[in-house]
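Look for chain A in each of the two complexes below; its partner is chain B in the first and chain C in the second.
And now, the complex of A and B:
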């Protein structure tokens, strides 16, 4: 099957797949960021139970394979009378996995600041909220631009889990297996999807690098 | 990032508390403890009202045969993970050497290959090895249908890990080696690589986690790994929730152990984890 034939028959499917991957990635990443902030706040809070839960959350979702989590959410939760539609299942899986890594990024961002700066800020008479707002958050955000760019790409790659459930419209990986069960798509069928992924990742890292160069703190 | 430093930074955020703050922290701790306990209770209750705590879902874990079957699956997982890891190690090193070789076309090619494998989901690669060799009339055993894509996906990442290690070797050493008359290849082999590899050993161990995670889609190519064997048990015992949860915990513990090992090696050798 040539490229023109492939695209004329399945071109629309690929386009829908690309849009599905993009939209799931975007929605997931917004929630990943919010949840990562919440988990990180819990992990640095002075309340021990919250710290323990936050650390446990990160360990669990950092180490669980994506497929295992998706299967639990998609097939085990309905038995506990929690039924989500397929798309939501994939997005929730991606959010849970991504936010654990996001929180780790924030934590190492906080850790690069150094105890001395906090002590200096306190000796200047800054209050706790001032320290957090003026010293910790600006620096932590700047140092996490690059890791978060990589996380966004990772989130996009994680949405490929959508090929394991009957999504409609399918995302890029699902489209390929759809095409190949119907026709002999060959290497080309894969290359189209792969280039969509690689191209998106390329643009994301280009933008991420540019932002990083602008805000990076030279030490 | 060591655990001790994390803790000290966490604690540095707070001043030594006075009596009033101490009381407030105590109240907050109590409240948050209650919230956490309530959440756990809600989860347990949901299991209870849906009948998922019934002994018939959990009694299979008391049988020796269950664990033997899962153990066989685990062996399958380990076989794939180690083989894929070994292939990725070699391929990643080759890709990195090509990229830093200084030969323009070779460097460009290795860069494209590295970025390609890093930018494509491993599932897509697995589907590739599932469909394409068959379409070309090649019969690939399911072991390789799984191992090759997992290895390729990891090799892209490992190439970058190795490159980070090479970059961490002080530039002056390369200059010194070249100035005493060592060739480029010899400098790489005798001076840079031995140090670079030592720098990245913890990261290499940590990457094994990604490999183990990638092997869980073995059921796509119906290779008997831990997950696939669990699915077989689910159809024979009709115990979906309990089995998937136990399998997830097993995977989490394996990966947690790998991460711990990586940190332990990093602490013992005194190198920072290069990513």
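And now, the complex of A and C:
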């Protein structure tokens, strides 16, 4: 099967797949960032139990294979009477994995701030919450645009886990299996999805670079 | 106790009683007692490692102490939490490395404390901030970020940031030690202005000329102890202790 035949037969399927990948990526990344901020705040908080929980969270979800986590969420949680629909299972998996890496990015961003600024904020009488909100998070966000751009791409690739469960509509990788069970698309079927991933990643990194140049903190 | 009552009763603005502190085996502050009256300017000098910076930092609890007491207008320094934050907001602190917030304009640096801690509205905070920035001579730089300023300008902006909280006293922890020589005077000039305005100040510094000119009292520290203190002319011309004589000899002669 040639490229034109593949696209004329399954073009719409690929388009749906691309949109499904994009939407799962977008939803996941929003929650990844929120959760990463929360986990990071816990990890730098003055309360030891919170720090321990935050560190533990990162260690667990940074070190578990995505497929294993998806299997747990999709097939083990129902045993505990927690049944999520397939799409939610994929998104939750992606969020848990991504936020662990996101928190690591933030931690390295926080380490660039320097204890002096924190001391200055404390000596002005700012509380922990105010320091986090006004000094730490803005700087951590602005110094981690490039690693977070990479994370967004990684989150997109993680949504390919969706190919392992019966999603509807299927995302890009699932579409490949779909096509190849119906026709002999072979390597070409993969190539179309791959180009979609690469194209998206290219745009993401262009935008990320531009944002980084705009918000980067002069030191 | 309110500020007026404290002033009436002649309660020191800052008082340390028998303060001790260790870093592991190192005894960095040994039974330090110091009292600073309203409007007084105390300059702390001493060789490096003598504990003078640590002393300065214990006063707003950036460093904790092992034993002893620190009182601000007669009230003990709170241990943690909101009370401590409130007490800190009443003491200005200027650091060796300026420590301006790198992601904010100079103006935002100065208004952050008043807006977040004192709850001032934006216009009011900015009006006063611009006044202060003009007073320390960096009004032109208000909308730049710290990295665009020279060290001297950054330090003057940092002083304005502290002043914006209308502090009861100011702590200066080696404010000119990180500056190129040609910028030291512009910062010292601002500090002299503060002295003229009657600000209560503790200044840790190596600027002996400044100490002699504006200090009400010079405190000499060595090995974590206050070795001697006195009026600047007495101290510089007739140091009583051998340690102080050695120290003064070591910095003279060039």
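Operating definition for what follows: the second predicted complex is superposed on the first by the 202 of 219 C-alpha atoms of A that agree within 3 Å, B and C clash if a C-alpha of one lies under 4 Å from a C-alpha of the other, contacts with A are read in each partner's own complex, and residues count from 1 in each chain.
In this section, a residue touches a chain if its C-beta (ideal position, glycine included) is under 8 Å from a C-beta of that chain, and two chains touch if they have at least 3 such contacts.
Predicted model, so just to flag it, every value in this text is computed and none were measured.
When the two complexes are superposed, the chain touching more residues of chain A, out of chain B and chain C, is B.
Of the two partner chains, chain B is the only one touched by A:67; chain C is not.
When both complexes are overlaid on chain A, the residue A:27 reaches neither chain B nor chain C. Contact with neither chain B nor chain C is seen for A:41 once the two complexes are overlaid on the shared chain. In the superposed pair of complexes, A:132 makes contact with chain B only, with no contact to chain C. Shared-chain residue A:146: touches no atom of chain B or chain C.
By the touch criterion defined above, A:184 lies against chain B but remains apart from chain C after alignment on the C-alpha atoms of chain A.
In the superposition on chain A, A:176 contacts chain B only, with no contact to chain C. When the shared chain is aligned, chain B and chain C each come close enough to touch A:122. Annotation: chain A residues 113-114, 119, 122 touch chain B in one complex and chain C in the other.
Those residues of chain A that touch chain C in the complex are listed here as 113-114, 116-117, 119-127, 130, 134-135, 138-139, 142, 217-219. Note for the complex: chain B touches chain A at residues 1, 5-6, 8-10, 12-15, 25, 28-29, 31-33, 35-36, 46-47, 50, 52, 115-116, 118-124, 127-128, 131-132, 135, 209, 212-214, 216-217, 227, 240-241, 244-245, 247-248, 251-256, 259. Within the complex formed with chain A, the chain C residues making contact are 60, 62, 82, 85-93, 95, 97-103, 112-113, 116-117, 145-148, 158, 161-162, 165.
Contacts from chain A toward chain B in the complex involve residues 43-51, 53, 59-60, 62-69, 71-72, 75-76, 79-82, 107-108, 110-111, 113-115, 118-119, 122, 128, 131-132, 136, 153, 157-158, 160-161, 163-164, 172-173, 176-177, 180, 184-187, 190, 193-194, 197-198, 201-202.
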